[in-house]
């Protein structure tokens, strides 16, 4: 008897759990299906996105996925032009560098937050103070520590005072800062504001189911005009195969990061391409004992790698070659000389350095799946170097391990890495080619001095001269093997108007149906 | 019986405590993740400062002590990346994982028990051989690979089933079958052998000899008597299903605990990993606990027989 | 105990042991299939590099993603133009190493723990079995993932993580075998006549638990091979350029729509292998120890 009743209870338990599950799912299902029928399509969009935001709080998580999502809810002071990367005023109408440590901003009037509160100088001060307040634990703070104070001059004017010269202030404002509503955050607290955000942006928050979807609704009183798309959903789909099949089945109208070999499958007319401001490169470490300390060997590696062939064969030409430390999108970019593919010269240079290619055994670390075809590129590079006799040991790493290895200088002679979004030379050159910076593992005492001198310059012409010289010097030193700007590839529904942006952002406000 | 339950309950607590301890030290040994969260251009002194703020520069035993004191109160700290309550984030995903695991369990039972019973009933016929053969093959198929193939066939080529995300019944079909594959294979074989055991028992042979119609006989005695071992196996397999859900959730972008843990391992977001370990260890322990009680009920009867 | 008899029989008729093995094997066609697959696998893992049609590491970029049966590539080529068949052949070695090394490591550790717990009983048994419980309170694959996230990826680390996650099952089985043996007459008799504990252990216990260990190992190897592939798929496995079936799947998963052969063939290789090992393990269990039949 006991046995039977126990059985019955167990069965009931399973059934109950099952029905409960069905309930949850049918609720979701009901909500999910909007935006899929043709009648509603003109109003709605579903975007497949590879990762979820960590938080809906602005100015907190330094991460491209978080930033991309919440930029539809919050506005910046200054944005970039989606095609050229130039600064575009948004909530700041104009700005001026008063002296080395003071920046002035004039703000837009008549802008409202989603809750009706008014945007003004206080909101700017509050947003920057949020970053600076240690107790908030914002990961942006490391970039903003030199900011001493934000001064509200009038309702629509602010000044930012820094403790040290801060030439890249506009860059920081553009990349990092989004404007929050002080009254709202104060009222509901950070925990709630992190889940139910209020901004001045084109879309208001509707629902966020972590790792599942973020639903947004058009903010009809948006100061730049009513958004054309009324309902936007970001659906979080990390695996490419799932993203792709959702797109092919019409469930998803737009997604980013198509592996180059799948372009054909999607159809070229449904693929949007833009050269990203992110560059990929092969770092040649001269901080590790070994043959790469010799400039001739570094030059030889540059000559022995056929980047054009890699680009064509592995990336199907989706990418834009670079020859120096910067991409064309950077301010102060100058064209530098290219190390032509010349295996014979490479062998000669190696012999000049006192080695034979067969003497050399180099390690090459690469991440897997972080940059387009990264681990394949590494294996192809190894194969090219092996063809002149250099022995290459490729080590493919999971991304977290790779980054840790690079930062702790535990990688060996060479590694693959990307850098970006990069629009101005200071952060790139300073973070890549100085002794403390681990990301290229190349260091030259004289060059480092020059880098710091140039970074401190405020005069535009002198800055240009300085960076131009640095770019040539770095190429002359064969500081690394420049590869290419990534091409960002988007799958775009055939009746959607969308131009991919160079800064990898997806602003739904700029999208419309035909 | 009560004595047994209390004893097992204390064991559950010890098991969860030890599991947390081991995983805590394991992941703290892998270095600290501060730099993964900071912008790549963060200066060295800044990294140090964050490290201090997150408590990674303190001695290991002190970190462990604080962690345990907080954990006992249900506080696993905040996600390193988002600053949200780690346990809350894990609990949020539980319904999605349970939904997937239970659905897979139900599907496995609905498919496997009839198949297993029929196989036993038609022992050594072609039907039996094919059934057993398929279940042997089914156990050899990696479930992520099966999932990819299902996506390729049903979502990409035929385009009649969605491949990702939570939501409607149709969203569940591919992930549920992917997850259920292994259990179906196991249950078929197990049901079959449990049935055969009972069918070979004396009293069945006797009633067979007495001329009871075979099919009703199978239903009446054999199935009922083999259900207890089957249900016990099912209870144990729910744990296996929850484990298999990690891979399945990743393949189908299913918003459950498995995917959260995989993502958190990639991000080195340790508080979430620890909170997830805690929840999974508890679920596992409770499932084993129930299975043990079941055995305790069943055993005396077996002895009598 | 049947195992004892089998053992003793085998000792008596050493010359015909091999013959006996094949005679029994030939009676079971599933056992034959399993055995043949294992022999093929071992052959490939030892001689694979000499019989490959192409160098599995050679990457002629211009010949990337050729479909099967083109240009002499029976199973096609991957993104870098490497021959899939050659990589599958050479990749057999990784699976064999993973399966055998893990079973050996997990088996040795598990056996030591199980023997100590079962033979000496008392507090050490309680402590060891609690540890086993702790581990069993955690999904196998998740444990392997956590360990690899901590100690890193690569062949050695995978074997370590699989063994760390896998030894408990050996410990449990060995302990219960030892417990059962202790009650057997010939052992109680030996204890009563004052034979030293060490001698009992070496002369009576160890030889008699050997068979169940071998059976269990053969049944676990398939699990290890599949687990390695899963962990590779999640990005924590044996890393390229070393050809392994798991990382071939991982590298090929994004090509599922354009080049189906990249994930199809390595997947089939894994299935055939796991199937072969499982069939052989089943046969071994049924033949050597009918008592273990069922679950």
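Labels for the chains are A, B and C, by order of writing; each one numbers its residues from 1.
Following the convention adopted for this analysis, a residue touches a chain if its C-beta (ideal position, glycine included) is under 8 Å from a C-beta of that chain, and two chains touch if they have at least 3 such contacts.
Given the structure is predicted, the values throughout are model-derived calculations rather than measurements.
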item: By count of C-beta pairs in contact, the leading pair of chains; value: A-B
item: Identity of the most central chain, Cα criterion; value: B
item: Chain A-chain B separation of Cα centroids, rounded to whole Å; value: 36
item: Chain A and chain C, separation of their C-alpha mean positions in angstrom; value: 43
item: Length of the line joining the C-alpha centres of chain B and chain C, rounded to whole Å; value: 22
item: Per-residue overlap in chain B, given as positions that touch at least 2 other chains; value: 148, 151-152, 156, 250, 266, 268
item: Touching two or more other chains - residue numbers and ranges from chain A; value: 239, 241, 244-245, 248, 398, 400
item: Junction residues of chain C - those touching two or more other chains; value: 149, 235-236, 253, 256-257
item: Chain C-facing residues of chain B, complex; value: 11, 14-16, 18-19, 22-23, 26-27, 29-30, 136-137, 139-145, 148-149, 151-152, 156, 190, 193-194, 197, 233, 239-240, 242-244, 246-247, 250, 258, 261-262, 265-266, 268, 273, 277, 280-281, 284-285, 288
item: Complex contacts: residues of chain A adjacent to chain B; value: 2-3, 6-7, 10, 14, 17-18, 21, 24-26, 28-29, 32-33, 51, 54-55, 57, 60-63, 134, 137, 139-143, 145, 191, 194, 209-213, 235-239, 241-246, 248-249, 251, 398-400, 403-404, 407, 419, 427, 430-431, 436, 439
item: In the complex, chain C residues that touch chain A; value: 57-59, 61-62, 64-65, 79-80, 149, 152-153, 235-236, 239-241, 250-251, 253-259
item: Chain A-touching residues of chain B, taken from the complex the two chains share; value: 31, 33, 35-44, 46-47, 50, 53, 79, 81-84, 89, 92-93, 95-96, 98-99, 102-103, 105-106, 148, 151-152, 155-156, 159, 162-169, 171-172, 227-228, 231, 235, 250-253, 255, 259-260, 263, 266-268, 294, 297-298, 301
item: Contacting residues of chain C [partner chain B, same complex]; value: 30, 130-131, 133-134, 136-142, 145-147, 149-151, 222, 226, 229-230, 233-236, 249, 253, 256-257, 260, 263-264, 267, 270-275, 278-279, 282, 293-295
